[in-house]
Structure formats: structure tokens, C-alpha cells
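Look at the two complexes coming up: chain A is in both, with chain B in one and chain C in the other.
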Partner chain A sequence: MAVEIPVDKWTGKIRELKFGGGGRKEVIIGGASTLPYLKFEGEPCNPTRVAITIHDCEPPYPPGLLSAWGDVVKDPSEWAKKAVEIGADIICLRLTSAHPETANTGAVEAKATVDKVLSAVDVPLIVLGPGVAEKDNEVLMAVSETAKGQRIALGNCEEKNYKTIAAVAISDGHIAIAKTPLDINLAKQLNVLVSDVGVPMDSIIMDPDTGALGYGIEYGYSINERLRLAALMGDSMCQIPIINHAGPETWRQKEARAAEGVPAEWGSLDERAVIWEELTAIACINSGADLLVMNHPKAVEMIKATIGKLSA
Partner chain B sequence: MALTGIQIYKFLPKTNCKACGFPTCLAFAMKLAQGQAELSKCPDVSDEAKQALEAASRPPMKLVTIGAGEKKMEVGGETVMFRHDKTFFHPSALVVRVKDTQSDDEIAQTVEAVTKYTVERVGITFGMDGIAIQNDFGDAGKFAACAEAVKGKTDLPLILMSDDAAAMGAALEKIADAKPAICGANKDNIDAMIELAKANGVALGIKGDNLDELAELSEKAAGAGVEDIILDPATRGHGDSLNALTQMRRLAIKKQFQPMGFPTITFPGEGASSLDEEAVMAAQYVAKYGSIVVLDTFDPAMVYPLITLRLNLYTDPQKPIQMAAGIYPIGNATADSPFCVTTNFSLTYFTIAGELESTGIPAWLMVCDTEGLSVLTAWSAGKFDAEKIAKTAKEQDAASKVGHKKVILPGKVAILRGELEDEMSDWQIMVGPMEAMDVGGWFKKNWN
Partner chain C sequence: MSKYIATRALRGAQAVVKEAEDALNAAMQSPGPDAKIELPMTAYYLPTIYGMLGHKVEKISDLQWVVDYCKTIVSPTPADNLWTPYLGETLDAGMATLFAEEVIEGIGYAKGERPQSKNGYTYNGAIDDVQMRTWGVALVDGRMTGFAAILGRAKNDEVAVKIVRELQAKGQLCFFTGDPNDGGDFITDQLLNQGVELGYDTYTVPLGNNTHSTIYAAGFATRAAISFGGFEPGDARRNLFYNKFRCFAFALALGPIDDLKYATAAGAINYGFPVIADTLIPNISPVGVTQYEHVVSMPFDDIPGANDMERAERLVEKCIEVRGIKLKITKVPIPVSYGAAFEGEVVRRADLRAEMGGKRGMCFEWLSMAGMDEIEDHKIELIGPDLDVAPAGTKTPMAIRVKIAGRKMQIDFEGVLERQIHHFLNGAEGIQHQGQRDISWIRIHNSAVEKGFRITDLGEILYACFKNEYGAIIDKIEMTFYTEEETVAKMMEEARAVYRERNERTAGLTDDSVDLFYSCTLCQSFAPTHVCVINPERVGLCGAYSWLDCKAAYEINPHGGNQPVPKGTCLSEEKGEWEGVNQFVNANTQQAIERFTVYSLMDAPMTTCGCCECVMSILPEANGVMVISRDDYSNSPSGMTFTQLMGIMGGGAQTPGMMGLGKTYISSDKFISFEGGIKRLVWLSKNLKEEFADQLQAAAEKVGVPDLIDKICDGDIAQDSDGMVAFLTEKGHPALSMDPMM
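And then the complex of A and B:
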């Protein structure tokens, strides 16, 4: 019996977005014209890329994650090198020390860290501020200037604070990350705002937010799917590649941190924690992530292998 | 696809005899279309019409039951491609497979561990859904004995796995009353397997090397009178499985293509060389259209994350799991115990309740109705504010529970303190830690 396979005809396509250049390795994300990895439906696009999180100071990681990295966590350039060895397509540097409640470092330190990381590795870079509006603007301005020409991504542009970051991204030719809290309309609207101030459409990534497994993954999953469907149906403001922070979300949760005082039915912490990140990641991939940010070396290896198999 | 009233009307006798209890055939047809009447109420409807109407009202994917006891497993019955379209209804069944080549001890250990495994999340207790028994040894007697031994050790539904009809028959002789599914049929043995499924009234698993073959075998089995079918597209990798299972779901849901209108069975362990690999594969099946997921490893560190993912993806997107508003005692709370406030999102409640419990200090936990939203989400949606907290405290008569008149807020809504001081002026407002897991340390410092 010849079964007639129902192939959905899509009119839209996710934009391709290029990281790097100017001597730096180039990485292209996006380009999908089908739901994730449906080969029978259209041309394959760039596979989901994996960025690895590093911090500019020793982060409050749980012991298992900290020891998986070892001493490199004390030095962002060493950390970046090791991340590349493990398979990072991109480095996602968090300027954690710039937070007013930690070391409250400023533009000078941020510039120095980014210079060091840029010279340590040749893969592209994402730089995230500490998540406090004034400080984000201060440090990202310095970072943008020093990385001029190398097309890095700067984040996050949020509804209440996007103008400064968008402006420096435009003037230095970088990518702006537009972050919204789990709402498809807010995501679209911020894309509009960011492009209205002049960021080219092929220089925006959206972070529609996701919760970790057990902490809101279902919302992230459905928002990803809805954004992807809207994009394929032709909604131009949704045709922007999606970034999901699967790793950082996971490692905040108790299931990835607690060895004691939890039920035996949760299994061993080391295995459970890594699987927690992997399952968060695979849910993101299956719902439409173009770029995943991850944390644990073992989870990165597994997810990269999985992406390879999905694309094969 | 559901028919309209007019379409149904065309099949009715059009005599307006009123025997169905409706004034006209058309009125009856309209009620049928809305699912508010039963076709059997019309005595004169022709067999041909009956068939057509039944086929049209059949759900796009059949709900299949495996097992006989209280724990019987229900799989399939889905109606949408995406959870946001409505919801997914029947969570993927997580099954663990044992093989008749394993030692008796090994099998007994696994079966026992799988059967007694339970874990709680957001106040709901979950367990494993079944055990599959694989005929690898190649001997019918041995397979049957293994099946019988497993059945003796578990009340979970069973899936018999063999492509040897003689072995399957031998195993069914021992355990047919447990209503196991028999996974087993393929193009070479389909006739014998159909006979076994029919004779024993059990669900039949069918494997096809491609969708054409699978559809053909499925149609054959259905045509022969097998009602409960489970489909295995024989794909085992990430990419081929995703593509095949998506195609099958689309054929069932969007095309009402009956040969594919059945639940699927998947095998993440085949081809996986590590625990993680099997976990990731299984997770993909939970997300993308696996109705039964047969694991080859049983390890809580893998199973608990999978159960969590399944719970998340199968939660109705329209209604988060919620708690009733109220003041709940944690341990033997007394008038001196700390009095904490939280929202009615079940995840929030059970996270903080669990942590309070593990401090060993009895406490009160007051749950406000925030329409199932977490602390910060509810706060930003205007559903968890000082007014709501004060109102809940009053309605639930907080003052009668504690003598100290101190209320502890979640750290994430420290901002509510000022307003709450106005709303509950005779209470002292304290701000707890941001994260539930720090509440024990916080008590040590701030509560005596």
C-alpha cells in the first residue's frame, strides 16, 4: 500500500544569521524552512548550534558542575579554550562579576575580559551583561567597541532596556539578543522594537525564554513551537532564530544541585543532573531552538552527538 | 473527521417517525453531530449508514488498553499535533524490558525494582507503566516460563516481545488472562499473530519496515477483526524516528488515515550505548509522538527526569496544576510555628512545602489563589499582591492559627512588604529567602 505522506507546505523561512568574521571563525545559525529536522518536508538547514556558558569569575556552580570544569573556571580565557576543545561552536560569556551584588566590576574589567577571551579562541562570542539595566548598558558598550568587526552577540535587549544595547550593536556591526518572558506576542513586539531602532533583521536573535525541565519547560516548548509555526506560515517578525538557555536554567534547579535530603527515587545526583540538562536541551531542540546554551561538558558532548544524528 | 448535522441527516431514513425521541430526523441529526444523542436510538437506520457514521465518529487515534488489573495502561487517543492546539491526553507509557536470556535473578531484581518504583512530583505519585519481556533465547518454552515468572512478580501491564508466533502462543497460554500486548507481528508472521491476538483478545503490536508496509499490515489486522493495534515503524535513530513518527501522527490526525490511527511503540535503548543516550532518545519519543517508550535500562536517575518531562508536556496548557487556597500545616504546626505565604501553582506549593518539611520545623503554609501561577509570574500578572494575601489571611482565619502574628513572604516578592504592612497592620511582615531550599538556614537565623 502506497501511503501518501502529508507534507505541509510552508511559505516562510527562518532567517540565517552569521556570527564571527573579521578573522574570527564564522558560524551560521537558522535557515529552517520546516519544523525541526523534518527532512521529508524540505531542505535541511543549519543544525542547532551549541554555545557553552563561561563566566568572568568563579560562578556559584554546584560541586559536580564545578569539578567537571576544574581550575579553568578561575580564568575565562582558559575556560573558553577548554570549552572549544569540548565542542563549543560559540562561547557564551556571562559578565557575572559586573553585578552590583557581586564584585560590581565595570567597563574596564569587562573590556579586558572580552579581549582576553577573543584572543584565546577563534570561535564567535556571545556576551551577556549581569542582567541589571544600567550595568548591562555600561559593560556592553565597552565590550561592543573592543569586539568591533568580529560580529559577536550582545544581550540582553529587554522590553525596558534595549535602546543602548541595540544602538551599540548597530554601530559596531554586532548581533542583538532580544529577550522576553515566555510570551509569543511580547517576543514579536520586542523584535519589532529592536528592528525599528535600526538593528538589521539578520542581526537579531530572540530569546523567548524557557524554564528548565520541571520548571516551566512546557511553556518554553510551546512558545518555541508557536513561534516556529508562525514563522513558517510567513510571519516575518517570528522568522528570527531562537536561542534557549537550557544549561543555565537547569543548573539553578534543585534536581541538578541536591545530593542529600532528596528522595532515593531521584537517583544519583551526578547522572540525574547531567540528564536534567540533556532533557531540557532535547526538548528545546525538538521545539525549534536554533542555538542552545549549555553548561556541562558531558551534556554538551551528548547533545552535539544527538544533533549530528538528527541531521544525518 | 466529525460530520455535520446535514451530512448525518443524509444517512437517516428521513421519515420523521419520532421513535428516537426527536420531532424530526434532522433534529436528531443535529444532536448526533453535537455528540448529545446516540445513533442506536433510531430503530430504522440501515447497516450501511451505521457503518459510515461510526467510521466518521471514530477518534483519529484509537485509545488502546493493555493489561487487566487496576494498573492497566491506556495509550493513544491523541487528537492534536501540538500540545498548544489543545492538550495531549495519554502520557507516553514508560516500560522497562527484560530479556529471557538474562538470569532469573537479574530479571526478578529488575521486575521488582520497576514494580515498586514510585516517585512524587507536584503532589502526584508516579510509577512505571509496564514491563516488556523479550524472547531472545529462541526457545518457546523458555520464553513462556519467563513470561509466567514475570507475571508472578508484578501487577504491572506486560508486553510480550517475539516474532516467533509459536513462542508467543506458548507465552500467551501462560499469561493471556493478564491481557498483555503482543509485539510481534511483521510481514512474515502476520497471519499467525492476528490469530493469536484475536483468540486471546489482546492488543497486537505490528512492525513494518516502512510506512507502506506498516499501513498494509495494520489494515490487514484491522480487517481481520483485531481492534487494538500498536504500531512500530522500525526506525531506531533520532532522525528517522522523528520523521516517521511525525508522518504517522499527521496521517492519523490530519488525514484520518485509519491504518495509522493507533498508538506507537518505541525503543530508545536499541542502538544507545550509554544511559544518557537512551535517556535523550526516550525524551525525544516522549516529546515527539511515542505512545509507549520501552527502556532497556532501569535507573531512577534516568526515569525521574523522563517522568518529569512527560508530566510537563502532557499538562493541559490551559490549566496549570493547582492547589486549593487554604492554610496547610507542615508537620505538627502549632500556634508558635512560622507562618509562610505562597501561591497556588502546584509546583510552587510542593517545592516550598517540601523544603519546609525537610527543615524539621513544623510550619503553616498559606496558599493564595493566584490562578495557578508561580510567585513571580503571579506577582507580575497582578494576581499575588498585598491585598490578595491580606484577604486570604482573613478568609482563612490566619489569626486563629498562630499567636505570634508574623507572616513570612517569599523572598522574590520582598517588594510587597510595605503594602502588606498597610493591609495587615497588626502583623509583622518578614521576608524569607528567594529560594525554597534556603528556608532552613533562614529559619536558623531569623526564627526562634
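And then the complex of A and C:
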């Protein structure tokens, strides 16, 4: 007996968002008109893209992750090159050294790092500040100017601090990342606020936040899914592509850090940590992520294979 | 529109366009038509011309088109016998003036005669793109509140310095221009005389030695709008709107105003920048092109104030107000710490330095709306003894009198704002506040007074908090604290009359008297298909948001969780069903809820999030409804406790026969009016019965059953169905003989 697959009809569509240009490789994300990868419901859209995290200084990674990258972690341009070899569609550069509690570097250093990374690779860039409002604004203003015309993404715009980043993004033609802490109302509201400052709707990507597997992935899943459902039902302020930091979230958790034998049932650390990252990322894809940020080379390989199968 | 101003501006425009034409003709001879025109480091050519007209000026000959265009938009001056609106003509003349000034300044650059200098001081001249970007970002993100273009000369050097210092303190960028006609020294000279450091770093930029150089300020605004507004050069309409709504600039004309200044001011008005003059000129008060008044005259010597310094302060305050600039206060300036951490703090008797209100005390808070000109912003006064002289162990009588003025202030917001006093004052370390109106009770800790805390500091707290959180509706706050018993006692009676009047007004605010309800979607983070529709006669189900609260919240944050819901066509008056409400609910519940009645429990009742103060449920055996409150842990005749009932209906479900509600809804005229109202109430939590005894009694009398409350069962009488029915039967509860509910 033939099984009839129930098909939902959606009126809304996620906006397409273009990274790069101006001599840089272009990467387009978004465009979905169905829940993720339900090809029988609508036109296939751009596949989920994978960005790889790099830092502007050697990050406090656990040994397994650090050794997977090797010496390149000491040099952001080398690190970026290696990330592209491994398959990064986009590089996600974190200006960790600008944090007041680390090296407290400023605009000059940030500009220099971004210039180096931009000339080392030809894929688009995401640049994230250290997460301290004042410093974010200082370094991202400089970064924005130096990358003018190459359409990178700048983050994070947050509820309490979005105007400066939004302003330079408009002025220099970049993408603004709107980040909210696991709250659908705030996610939508921040999209409204950022666009109200003047950022075009096709230059916003939203980071509704997620937790790693076992650390709130169900919240992240639910927020992604509801944003996506609202978007497909026609809410234009939710029709914005989603970025999820599956990698960084995973590597904060003890399952990715605790040594072997504590407890013994947890098995091999390397294997465990990479699978943890992969499963977190798969949950993000299933709930609507358009762009994943990953950390471990092996996890990137696995998740790209999964995306390949989903898109086939 | 003032004919006087129109005439002067048109005359000024005609003259300056002629001046530009003459300058152009001369420049065509030398340095010649192909001579380059370049302002320093800019990609925007002559930015006002490029931004407004989309015309690129790269060489002298490119100016011909501009001059010709100017001539087409300048009208003749109005005839003596003609009294028509001149606004359009004056605005066009203003734009022509700006273009002509830019032509003249551009030629100046081509000839190497710019930037100007005087007595060895070189003016800034044109603003480069790097600086434009830095300031532009600051304007967008709010670090810079706006800019002031100051023309002419202040009354004296000291006044000039005071005006600029006040503007700097308010985060305004200041541009200065003057004209040889200003009588020798103009504001730049006045500031230099006083040793004021001028330049980009101090936000004080002298543009030039003529009125024409004011164009550089317009050029900055025009470019910033293109750069941060995301539209193309030549899109004049969007550029002007962007400046009106986002660039909080104004022109301040000091001293006599000649035709060219009038014409330049007319140019500024196109951008939505109002003009304030310290001399006697006609006002242009109606709003329109600018957000508030277009032209405000404030003759300097007539400004109220003890001396010139105070007058200068008032003048700047007026500028800020007319442009609608909202300032944030980053730190509450009091001698003790301030923050959420101190909100729950209790001041014990042993630590008590002063106490107001409470048992046998006298303390009240009275906030009212005042006219913009009736009060003085940030005036905080104490009349009577202060904390440090209060005799220990006694009660200090106190009246807190707050007056608020604001362009968007409404009388309905008085109560909403007054209720914030509790929350605001509690944030200070060593201050405990309870209650509101005439039952407020304040305790102040010994250590706070030792650190220097005084009664006017209560005012500083309120000032900062009101301005920061309600800046959208508040422009001015004046506060007086009274601590003399006789005065306080007398004022208390006045205040009570106001409270009574306010109560009556709120009672008179009915669903039928408004066209708009408000939504509350704050709970959608966990209940995605729940929307509270809040009407005057039903508070939000959490009890925290009334219709007035929502109205104020929407004024303050138009993108927030409280949105207006137009009622639209009425589908059923009895059930309280409106087309507009249905549409709003449908669109905001992911289409999960299609219909929504406001007055019915049985047909499409409101959904419930999880925050409701009470739950209502049908009890078929009694042909009525029960209401149990969140703080009643007992069982109910439905066989379920509050928590169990919530488990069924929370999370955004629409459950006919069950609904969450705020406590005050029970005594509302619109309490499930479709099913028969309060007469259906057969069981009520004991604590609610006690807390709302008066209101319930009044509601019972209104429906003609004065002994109704005694017939309603509660948890002390029965917590089971049989016991309740026996009680209702014995008392003869009216619900038993009403039409069946199902």
C-alpha cells in the first residue's frame, strides 16, 4: 500500500544572505522554504554551510582539540589556511586577545590580524569581538573599516549593545550578527531593532544561541525550530538565516574536556568529544541552522558528510 | 509660517544665489572652467549638492548646473498685499541657500582660499570622511546625542563658554560659524578669548569666518545620512527624513540675524533641524517639517534666571527640548550604592535613622503632570528639616511631590509612573520603601545618613530612574519634598482628593470607551501560542499589566511585548468578539488560535501562559464557576489543586470552561459577562474573598444580589463537590437556578 506523505504548505521563505564579494569568494546561505531538508515540501535551498573557529591568539583549548590543529594556533593566518584546507566555507575569527582579562589588545592589533587573515585566505570571514561591549565596539569599528567592500559578518549585536556594530556594518556594507540568549521574543525584537537602525534585512544573521548536547540543546533546538516555523508562516522579522556555534558550545563542556577514566564508561576522550560536537551540530541542522560554527577538524569532516547526504 | 521670516529668508536666498553666480562667473575666468574642486579627503564631492541632487561637482564648470538650478527654486519675495502660506517657498529658498553656499565654499577651495583663517587662527573648514565616519557612528549608537550649529556671538564671552560647556555636557557636537557682520568677535573668538580648547577631540569645531561655512555642518549631516542610512546620493527625500528622525541637530542663532542667516536657517529646517534664537524674532510653533517647533525665540535677557549663567543653562535646555533629545544618566549621583541587589533590603529598628509613614506615620507620594513651561527640569527642593536633624526614634512626616512634563506625557500615565517610585527608591543601599500613595512607608538606615544621604537624594534617584526608563514620555521632572507636619497634613488631603479622582477616572475607563486593546506577548518565550489581550476592564492574567500600563509601555518601547490591538468590527457584543482581536491573536500565535472572545469562558476563551494569579473552572454540578488563587494550596471542588489545574491549561492552551485570570477581574463588570457574570461564582479561595471583600460586595450589589458573597462557598466551608453543592443549595445560590452553562 502506498504511503501518502503529508505535505505542509508554507507561505514564508528565509531570506538569502550573501557573504563575500569584492574579490572574495561568495557564499550564500538561507533561502529555505520548508523545514530543514524536507525536499518533498518545497524547492531545495542552499545547504547548511560550515564555518571554522579560529582565534587571534592561542586559545585555552583542551589538549585534544589543540593538538588536532597543531602549531597553526599560534598564527591566525596559518590557522585560517589550514581551516580552509579542512573544508571551512567561512572562517570565524574570534578576537580573543582583545578581552580586558587577556592581552587587552585594541583596534590596531585587531585591524592587523584581520588584514592578515583576509590576505591569507579567499573565503569570507566572520569576526567576533571579545564579548565585552566597549571592546567589541572598539575593535569591530576598526575591523569593519579595513574589510570594507568584502562583506564580512560582524558580531555580536546584543540587546544592550548593537548600535555601534550595526552602524559600521551599514556604513561598510557588512553583515550584522544579532545575538540573543535563548529567547524567541528577544531574537525577533533584536532583528527589529537592528533593522530599525538601518541594517538591510538581507544583511542580518541571527544567533539565537544554543547549548551543547546535554547542556541545553533542547532549548536551542526549540528556539531554532520556532523561529523557523514563525518565518515559514510569514513572520518577516523571523525570516533571517540562523547561525549556531555548535563547536564552541561543545568544547566548553566537561564531556569534551574530562580525561579518560573519569568515569571509565565515557570511553575515549577524542572520540567522545568529536561525536559530542557532531551530535550538537546535527541537532542544530535539524532545527534550522543555516550556518554552523565548528571547532574540531574531525567533527567538520563528519558534519560535512552528513550535510552532503542530506542534500543528495 | 511667519511672513516676516519668509521675506527675510527669500531675500537672503536671492542674494546668496546671486553671490554664487558672480563667484562662478569670476571663477570661470580664473582659475578657469576645468580647475578641480576638491574638498579635503572626501568621496562625496560637494556633499550637500551630491547628497541632495545626485550631482557630482569635480570642476568649476560643473557648478553652472547647480547655480541654474538654484535660480529655479528661489521665488520672489512675497508682495505686501499677499498673505498665503510661504512654507514651501521658504524651504526651497533654504535649500537653494545651502547649495549656493556650497558653491561659494567649493570655489574657495578651488582657489586655495579655504580653510579660512583670522588673526593667525585657522578654521576647520570642510569635515573629512574619516571624521564624518567617527562622528556618524557616535550619532547612530547614541554616544553623541546630536549636533548644534551655533551662529553669531553670545551676549558675552562668559555666556559663550557656558553655552558650549552645557552642550558638551549633554553630548552635543558643536559647530561654530560667525560673520564679519556680527560685530567684531563672534563665538569662536569669544571661546578663544577664554582659552577654551577647540577641535575634533573636544567636539567643538569652528567652521569658518562667514555664515556660508555653516554648509560644512549640513555637508556632514548629508554624508552621514547616506553612509548610515543605506540609500543613494540624490535621494533627497530619504536623506531629509533620516536627518529629521535620527540626527538630533539644531541651529542656535546668537545675536542679530541678517537675511543670510534667515535663509541658512530655512535650509536647516528642511533637515528637520529647528532654529533657536536668543533675540526677539517671530516664533514658528506648529510642528511639521521639524519634530516640534520650527523656530523658537528666547530673547536672552528675558530668560528667567538669577544671572547670565543660569540663563545660558535654560537656553541650552530649551534647545535640547525643542529638538526632542533624550539624555541618559549613567550613574545615580548619590552617596550610597544603587542597584538591584539592594531591592529586597530590610532596615531594622536598631539601624533606623529616620522613618516616614507606616503605623501612626504620615507619608505620601503624589505625582502629577505639569505643563512644559510650568516646571524646571531637575529642580529638587526640600522644605522642612532634613534627615541629619531628625530626632531619633520619631517619625518624620513627608510629602513627595513629583511633577512631570513631557511632549508625550498623558494624564493617564500619572498612576503608572507614580507606582514606579516604590521600585526606584528601593534600589538604594540603606533605603527601604513599601506601599504607594498615602500608605507609603520609608525607612532609612543609619549608615546611609552617615555616608551623607539626604532627602534630596531621594529626588536624585527618582530623577535618574525616571529619565532613564521613561525618557520616551518624560522631558522634565521637578520634585519637592516637604517634612513639616502641618504642610504635609494639609497636602495629604489634597493628594487624597486626587487619588479619589484618579480612582473614579479609572473606574470610568471601560472597554466600550476605547477602540484599542493591548496585547502582551512577554510570556511567548515559554508559551508560544499565548497572547494576553488586555482591555480596560480586564487586567492581564498575571495581574501585573493593566490596559494603562500597556499603553505606557507601548509609548516607551514601540517594539516591545505590548502592542495595540485595534478592536475592528464587532462580531458579538455579548461574547466580546472582535474581528481585529481575532486577526491579531491568529497572527501572533503561530496561527494556533483562530478565535478569541473577551467575555466568555465557554466559547473560545483567552489562552493561559503560566503566570496567572488565579484559575477559573466550570463546575457543571453547580451550574457555575470556581476561582482558585495561586496562593491557595488547598484542594478545590473540581477535585484539583491550583497546580493541577495549571498543568491542564497552562502553556498557551485554549481550554473552553477553564481560564487563567488576574485577581481584579473577578469584581469587573465584564467578568465572564456572557455566562452571567459574578452570579456564576459558586466557589472562591478564602484569601481572595477576604482580600477583595469590598470590591466583591460592590459587584454583588451592582447585579442586584447584595448577599451574594455569603452564598459563595470557599475552602474553609468545603473543598469537595458534594459539600459545596450542599452549601449552595442551603444558601440558595442564584447560579443553581440560572440557564445551564453547557
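One rule holds for everything that comes next: the second predicted complex is superposed on the first by the 308 of 312 C-alpha atoms of A that agree within 3 Å, B and C clash if a C-alpha of one lies under 4 Å from a C-alpha of the other, contacts with A are read in each partner's own complex, and residues count from 1 in each chain.
The criterion applied here is as follows: a residue touches a chain if its C-beta (ideal position, glycine included) is under 8 Å from a C-beta of that chain, and two chains touch if they have at least 3 such contacts.
What you are looking at is a predicted structure, and each value in this text was computed from that prediction instead of being measured.
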Should the superposition on chain A be reported as showing a clash between chain B and chain C, or a fit?
fit
In the superposed arrangement, which partner chain does A:141 touch: chain B (first), chain C (second), both, or neither?
second
After the superposition, just quote the angle formed at chain A by chain B and chain C, using C-alpha centres and rounding to the nearest 10°.
100
Considering only the touch criterion stated at the top, classify A:104 as touching first (chain B), second (chain C), both, or neither.
neither
Would you sort A:185 into first (chain B), second (chain C), both or neither based on which partner it touches?
second
Determine, under the contact definition given at the top, whether A:193 touches first (chain B), second (chain C), both, or neither.
second
Report for A:226: first if it touches chain B alone, second if chain C alone, otherwise both or neither.
both
Touched partner set for A:3, first chain B, second chain C, both or neither
first
With the two complexes superposed on chain A, say which partner A:171 touches: chain B (first), chain C (second), both, or neither.
second
Does the superposition put A:119 against chain B (first), chain C (second), both, or neither?
neither
Who touches more of chain A, chain B or chain C?
B
Between chain B and chain C, once the two complexes are placed on the common chain, what is the minimum CA to CA distance in Å?
5
Footprint overlap on chain A, where chain B in one structure and chain C in the other make contact:
226, 229
Chain B partner contacts - residues on chain A that touch it in the complex
1-6, 35-40, 181, 213-218, 221-222, 225-226, 229, 254-255, 257-258, 261, 263-268, 271-272, 274-276, 278-279, 282-283, 286-287, 298-299, 302-303, 305-306, 309-312
Chain C touches which residues of chain A in the complex?
137, 141, 145, 163-164, 166-168, 170-171, 183-186, 189, 192-193, 196-200, 226, 229-230, 233
Residues of chain C touching chain A in their complex?
133, 136-137, 140-143, 227-230, 521-522, 524-525, 528, 559-561, 590-591
What does chain B use to touch chain A in their complex?
82-84, 117-121, 211-212, 215-216, 219, 237-239, 242-243, 246-247, 250-251, 254-255, 257, 259-260, 274-277, 279-280, 283-284, 287-288, 299-306, 308-309, 312-313, 315, 317, 347, 351, 358, 374, 380, 436-437
